[in-house]
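Reading through the structure tokens given below for one structure.
Chain lettering (A, B and C) follows the sequence in which the chains are written, and residue indices restart at 1 in each chain.
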Amino acid sequence: MIRRAVAFIDERSGSASFVRKALRYAFPDHWSFLLGEVALYAFVVLVATGIYLTLFFEPSTAKTIYHGSYAPLHGMKMSKAYASAISLSFDVKAGLLIRQTHHWAADVFVAAIVIHLIRVFFTGAYRKPRELTYVIGVLLLFTVLLEGYLGYSMVDDLLSGMGLAIGYGVALSIPFVGANLALAIWGHPFPGDPDFWSRMYIAHVLIFPVLIGALLGAHLALVASRHHTQFKPRRVNGERKLIGVPTFPGQAPRSLGLFLAVAAVLVLLGGLVQINPIWLWGPYHVGSATNGAQPDWYLGWLIGALRLMPSFDVVIANRTVVPNPFWGGILFPLVVMAALLAWPWLERRARGDRATHNVLDRPRDAPVRTAIGAGFLTWVVLIFMAGASDRVLVFLNVSYASQIDFYRVAIWVLPLIVGLLAWRLCLGLKAKEAVEHDQRAAVRSARRAPPPAGSYPSRAAIGAAPPRGPSAGRTKRRG
Amino acid sequence: MKIGPKALALLTALGFLRGGGRRRPPQRIVPEGSSDRRAELLVAILLFGAAACAVMFVVVYALDWPNQTQYLGLCLGVALALIALALFVTGERIIVTEHLEEDYPPPGDPEEEAALAQIAGESAGPITRRRLLTGAAGAAGAALGIALVVPAASLGPVLDTESLYSSPWHRGRRLVGEDGKPYRAADIETESFYTAYPEAFVDREELAAPLIVVRLEPSQLELPPGREDWAPQGIVAYSKICTHAACAIALYRTPRFPEAEPGPALVCPCHYSTFNPATGGTVEFGPAGRDLPQLPLMVDAAGYLRAAANFSGPVGPSFWGVRTRRPSA
Amino acid sequence: MRRPLGKRAVPLSLAALLLAATIAAAAQPPAGIVHTPYGPGQSQRRLGAALFAANCASCHGSLGQGVAEPNPRGAGGVTGQGPPLVGVGALAPDFYLRTGRMPIERAGEQPERQRPLFNQREIRALVAYVASFGGGPPIPHPHPAFNRLPDGMTLFTEHCAGCHQIAGQGGYVTGAKVPVLQHATPTEIAEAVRIGPFVMPRFSPKAISDKELDEIIAYVQSTKNLDDPGGIGIGHIGPVPEGMVAWFVAAVVLVGICAMIGKRARA
């Protein structure tokens, strides 16, 4: 029966040989290679839950009076967007589950991309011939950040409304053209034209998902075309030959199972752990604000940067060339993105390494890369932590002003220390390995050429220099 | 008569025999694994368990249980988890996990690359006026590209930033509260803060509309020169919108015991930009790079607070021309 | 032969000493609290006067007139400085004493909620004594208006959320920590609104009427046991705890699953 079904499709599409190749495509087997898949499956959950949400959400800033089932908001003036999100949460069965699953999926999606990026960076998977794959991946990350921001801002609650206002301030801060750009996007000074909501909506539900899907498709196609990298295999030349598990039957249950596991985790979170309780925040109004307002976690690095900047606008002859939010809101993320994008070529230049690499490094095998990566990550993470200083004050009683002072120094000093420590750690681990390797080689050669009975092993046997002979074939030491 | 395999193959190829008529077992592609009946049973149990959870999901959905979201999430989540587990067990114990060797593709195919370059070169062969045509094509492409992008200017007043300077506060506009009731000067007490809007301004969702109004002791005031009469009876009004990134300044710090406690300050909750209401909204802490725009006030004959003129500067975050002029009356 | 404690004697006894000191310190009231002795028949006025003289006069003046300039000769070595208490009535001392915010060690430090430093009888005596300095509002008796929660939320957003956070989870204002409201009783909320303690603004009945105050109090009470239809509430402050769950729960579980189902490279 399988034969008949396959024949039906193949006779009409000619796809049998492609499918056969795809099914037997070998995928190297290491747990850290599954992290990118986790991100992919979170995206699938996002699209599925997102489609459901579009069936109920009303992207309109027209004002309405709330008369739904959540009592504390009764009679309040709010936008239809906010009212429809409240109605989705309280009056649509399973609406809150889907909405929360969607939001958790967004948070986990970005976390998975970051973890995947860290794996790719520290194993050198971005090297030739995979630079293009890597570049697409970095672009995906930043596109996804923007997509998430638009998504949670669409709801027009107090928290996200404040975040949108900050986005407006950051847009205005672009030197020379900021005002024009902000007016183009918003149509009118903040809160903008009603059109702005239509733009946010269509960007979030169509334009960006298609862009992300296309980038993702290109990313996966490139991975498949060049084949996935692998850690150094034992018995074959890893640069030439790949050892892996075929898609079918080997990988398929695992990957499918991982997809369902990701979906399970997200749905369980969506049902059991409350996220973004917009009914508590209330609707956004230009003159309202709440303490402790934060963006979603993946924009925390930006609020940290904005808070750490000292107070100054760059003014030349009455013209405000660089308003303050520019440094933290535009320059900082651009520097991070540029650094990430440029890295494969910087490393190539610095190492003079133009070869193709299919074999991954362990972090310890590239101490300088690991050190620089660790330092850079420390820089970004510290700025991220600075963004939550006010909640650290409330929780741990540490003075806010002191925290800001601390971070202003620490973000430059600690990355150097961490980088240095990482470098030493790599060298130490490699040295330890080399010693163990020598010891094992000595034991092996001692076993093959046992000393005469009654005598102690000679120096040669123990290992100052290996004895010649067919049994002494040492594999080349990794260097 | 025994027919040898070569003859058989020839006859099959010539169509005299149906291929596959003699069923030879095909060579194995997927190696033979060993069966694990216990694992199969486990998988079956997990799948039936998932089915039960999925059914429960439908049941919970149909009935109106309290804590619906939690039960729905639990049912669906556990169903998905059980199927995932079943698949993991299948992958681990039931199907065979092979380790195949495959070749990495060479980095690029020089022959094909050369062929592509050759195709491009040979196709362009007959063209004689290369420079001219390239220039013309470039001009057409660039101009068309620009033309297609130009309608984006309709998105907003891209070239006209006048709206960033406008504000509804002109001389004589009365200050009213959130409820629409006008403020008298006598209503404004010390150590408290008030949010004010322009009277009869239908659309209050505009950055320049909300004010934050506080009363200080006249002796505390140290306003910049030229603003001596902006604060009748010590009442000062500022834009409620932070000059850093447009959040509402909804915090007022005011000491109960000024001899030992920090002085009055208007604070923004987003990045904690702190403005001194006694000195014309100067920045004391936080990242804001520009003083808070102050609205000059006057008290009319009936004792109501009114704007005496427009703001001291444009409202909201800084931009290119923000220091070039005051909002238009 | 019995082994002497030897090497371990010093660290062990240091640890014991530290533990004893910590327990002893926790059992003591903050430096300077004087509980003047009294019997059951003691008049409230005399008790109040004695307690005030022993604990408050250094900063607030012997007759509640306040101490404007720092006075280093206060009782118990305290440098006294504090606002006048004439005309504060019963409302203010009741608030500060019941929430343990007074007495504080030095002027200018933020009074924070802790366990009350006096017992009920002492508090009543002190409140009556301070109220006797002259006039002032009595202890309020609010009636939270739970049937007007939307109004309460609107008023709370306008006057309070900027500092206290929309769900009363506290926060920061430059130079001070804003307290969470989860422990405040309706009376304490009413008192704080009328006083404006430390750097909090003060709202008189003209700015927030008693009716409006009842609505605000009802709203604050409602934030104490929220319904949380979405599941576990995780703090009601939004993305900070949400990000922690995404990383320390979801990411950990998912990376763990990858580690379990994938193979490791053999070293």
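In this section, contacts are C-beta pairs under 8 Å (C-beta built on N, C-alpha and C of every residue); 3 or more make two chains touch, one makes a residue touch a chain.
None of the values given here were measured: they were computed from a predicted structure.
Q: Going by C-alpha centroids, which chain is farthest from subunit B? Tell me that one.
A: C
Q: Could you tell me which pair, B-C or A-B, is linked by more C-beta pairs in contact?
A: A-B
Q: Distance-wise, how many Å sit between the C-alpha centres of subunit A and subunit C, to the nearest whole number?
A: So the centre of subunit A lies 41 Å away from the centre of subunit C.
Q: Determine the centre-to-centre distance between subunit A and subunit B, using the mean Cα coordinates as centres, and give it in whole Å.
A: Computed from C-alpha means, the inter-chain centre distance equals 16 Å.
Q: Please compute the C-alpha centroid of subunit B, do the same for subunit C, then give the distance between them in whole Å.
A: 37
Q: If a residue has to touch 2 or more other chains to count, which residues of subunit B qualify?
A: Expected reply: 69-70, 73, 88, 91, 195, 248-251, 269, 272, 285-286.
Q: Would you please write down the residue numbers of subunit C that are in contact with two or more other chains?
A: In subunit C, 154, 158, 161-163, 171-175, 229-231, 260-261 touch at least two other chains.
Q: Residues of subunit A touching 2+ other chains?
A: Within subunit A, residues 29, 96, 100, 254, 257-258, 261, 265, 269, 271-272, 288-293, 390, 400-401 contact more than one other chain.
Q: Please output the residues of subunit C touching subunit B within their complex, sorted ascending.
A: Listed in rising order, the residues are 68-69, 81-83, 107-108, 154, 158, 161-163, 171-176, 195-204, 206-207, 229-231, 260-261.
Q: Using the touch definition up top, name the residues of subunit B that touch subunit C in the complex.
A: The touching residues are 67, 69-70, 73, 88, 91-92, 178, 187, 189, 191-195, 248-257, 259-262, 265, 267, 269, 272, 274, 284-286.
Q: Can you name the residues of subunit A that touch subunit C in the complex?
A: 29-35, 38, 71-76, 89-90, 96, 100, 104, 107-108, 111-112, 115, 158-159, 231-232, 234, 254, 257-258, 261-262, 265-266, 269, 271-277, 280-282, 288-298, 300, 388, 390-391, 393-394, 397, 400-401
Q: Per the contact definition, I'd like the list of subunit C residues that touch subunit A in the complex.
A: Going by the criterion above, the answer is residues 149-150, 153-154, 157-158, 161-167, 169-175, 177-178, 180, 219, 222, 226, 228-234, 236-240, 242-243, 245-247, 249-251, 253-255, 257-266.
Q: What residues of subunit B sit close enough to touch subunit A in their complex?
A: 29-30, 61, 68-74, 76-78, 80-81, 83-88, 90-91, 95-105, 107-108, 152-153, 155-161, 163-164, 166, 195, 197, 204-210, 240-241, 244-251, 268-273, 283, 285-290, 316-324
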